[in-house]
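Pasting the structures here.
Both complexes shown next keep chain A, but they swap its partner, so chain B is in the first and chain C is in the second.
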Partner chain A sequence: MVKVNGVEVDAAGKTVSEYIATTEYDSKRIAVERNGDIVFKSQYAVTVLEDDDRLEIVSFVGGG
Partner chain B sequence: MKNEDKLIIGGHEFNSRFILGSGKYSMKLIEAAVKDAGAEIITLAVRRANTKEQENILDYIPEGVTLLPNTSGARNAEEAVRIARLARELGCGNFVKVEIMRDTKYLLPDNQETIKATEILANEGFVVMPYMYPDLNAARDMVSAGAATIMPLASPIGSNKGLATKEFIQILIDEIDLPIIVDAGIGRPSQACEAMELGAAAIMANTALATAGDLPMMASAFRQAIEAGRKAYLSGLGRVLTRGASASDPLTGFLRD
Partner chain C sequence: MIPTKEEWMDALIARHGSKLHELFSAATVAVCGLGGLGSNIAISLARAGIGKLLLIDFDCVDISNLHRQQYKASQIGQCKTDALAENLLEIAPYTDIKTVTVKLTEDNFAELLKDADIICEALDNAEAKAMLVNGVLEQLPACFLVAASGMAGMDTPNTIKTRKIGKRFYLCGDEVSDVEGTIGLVAPRVMLCAAHQAQTILRILAGKYEE
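For the complex of A and B:
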């Protein structure tokens, strides 16, 4: 299992691109961090998620 | 206002000295707020993305406005650096407002951790704008660490209490050779004006607008107050008498005797 934004998800074995395609995230409006390191957009298609990975998917919101 | 009176942050030039927050109000008001504030910089936060929200704040920010992501939510330098890197990866430039808070009651910035994060991020090419408790020694360390501006708080964040730290902000203005941008606690246009009269380079406000009766109208009021304070500063204020009075009228030609 992969922990995405704190929630266990069955995404091990998928690339980041494949995982995002199963969700409603707008890939133009998000940034992805895997185990504390940025996954650059150019790496989405070749980064394969593994069991126990921690993924953070973030976007901008209003703030001061 | 003289055209050459620019605010320069990390080599970027701005005409506006009003940095607008985007928190705690409807995204639909952002365009009007930016327009009425005359703002060229708007702050944003980074949070876990929500697949259910179809609307993205970026769709509401007018083109040409510089985005200033903050690192809110960071409790130490390491978390701030992670958030800053994610913000840059979101693809909207390399400005970052470093904001690190350990306590959740008063939300006071942790100057020591902020210095550490400033150094790391400046070395990675970010334009770093550290939010800080106004302390001259910490501000000097932030300058050495590569900060592009210093952003001291006026009073506790979101409090609208105004320039509680006035004396210490004045020391930063007098001693630090970077733009001093007063951030947090400014609640009224008159307070923004006063900070500008002291020589602040710009004002950052969010809650003052978000909790106002008419947000765009208050944005406009802040804009005018900030411009007035800037002009007063550039002009140089009139002197204050320690005692007594001084007539503005001629002391001759009285209609008597």
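For the complex of A and C:
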């Protein structure tokens, strides 16, 4: 299981891109940290999530 | 009568103590976007005695900005960079201010921001925010980053908060209140978020970034 924003999710084995495609997140409006390190945008398609990974997905909304 | 630089610095030391004053006055903070967030953040930082402020925005002061942004009616039509620099120097005359009137893009941000100790994301567009945050975290890993998401509308002030996301990445706001689908931005709620960002920047400089 992978912990995504504190919630256990069955996402091990999926790439970051594959996991995001299963969610409501807009990939142009997010930043993703995996185990405390930024996942480069260019690496979403090749970064495979593993059991016990901690994923933090920050989704930006407009206004400033 | 404007105080001398020595009187000014002595007054800050009397407030903050010499150790904190040294940390604040040695710092370079970049404020990216000078709207409701950035204009308020810059004023707080200038008042606190931050040594160098790098102010970046491509836009001009518009009548539609004045209900929440720190500009004056007489400044409509001026570049926000110039107008804010003018206002900051009236408030805190010895602040070292550098302005860049340009739109931040994937191609120019790293060069513009490379000398900052702390980068403050205060843009308004969600995709631009994500671009800058990803860019800074990927290409400027030595900088601290204080970003904002979610401060629009008439919701309670009590949901605006600061969260530490990564080692050097903090996020302020309620993370959900999009400018679309609300009445837009209102001054106090934007100021609350700006205050979170400014206080987080001061806390980072003071070495209090454990939260």
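Quick note on the criterion: the second predicted complex is superposed on the first by the 60 of 64 C-alpha atoms of A that agree within 3 Å, B and C clash if a C-alpha of one lies under 4 Å from a C-alpha of the other, contacts with A are read in each partner's own complex, and residues count from 1 in each chain.
The rule we apply is simple: a residue touches a chain if its C-beta (ideal position, glycine included) is under 8 Å from a C-beta of that chain, and two chains touch if they have at least 3 such contacts.
In this text the structure is predicted, and so the values were computed from the model without any measurement.
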Of the partners chain B and chain C, which touch A:40 in the superposed model: first, second, both, neither? both
First (chain B), second (chain C), both or neither touched by A:12: neither
Of the two partner chains, chain B (first) and chain C (second), which one does A:24 touch, if any: first, second, both, or neither? first
Of chain B and chain C, which one touches more residues of chain A? B
With both complexes superposed on chain A, which partner does A:61 reach: first (chain B), second (chain C), both or neither? both
For chain A, what residues appear in both contact lists, the one with chain B and the one with chain C? 29-31, 33, 36, 38, 40-41, 56, 58-64
Touching residues on chain A, where the partner in the complex is chain B: 5-6, 23-26, 29-33, 36, 38, 40-41, 56-64
Note: in the complex, chain C contacts chain A through residues 33, 35-38, 122-127, 129-130, 133-134, 137-138, 147-152, 165-167, 169, 171, 175-180, 184-185, 190
Chain C-touching residues of chain A, taken from the complex the two chains share: 28-31, 33, 36-38, 40-41, 56, 58-64
Counting only contacts in the complex, chain B reaches chain A at residues 21-25, 27, 30, 43-52, 56-58, 67, 69-70, 72, 82, 85-87, 89-90, 92, 157-158, 184, 204, 206-207
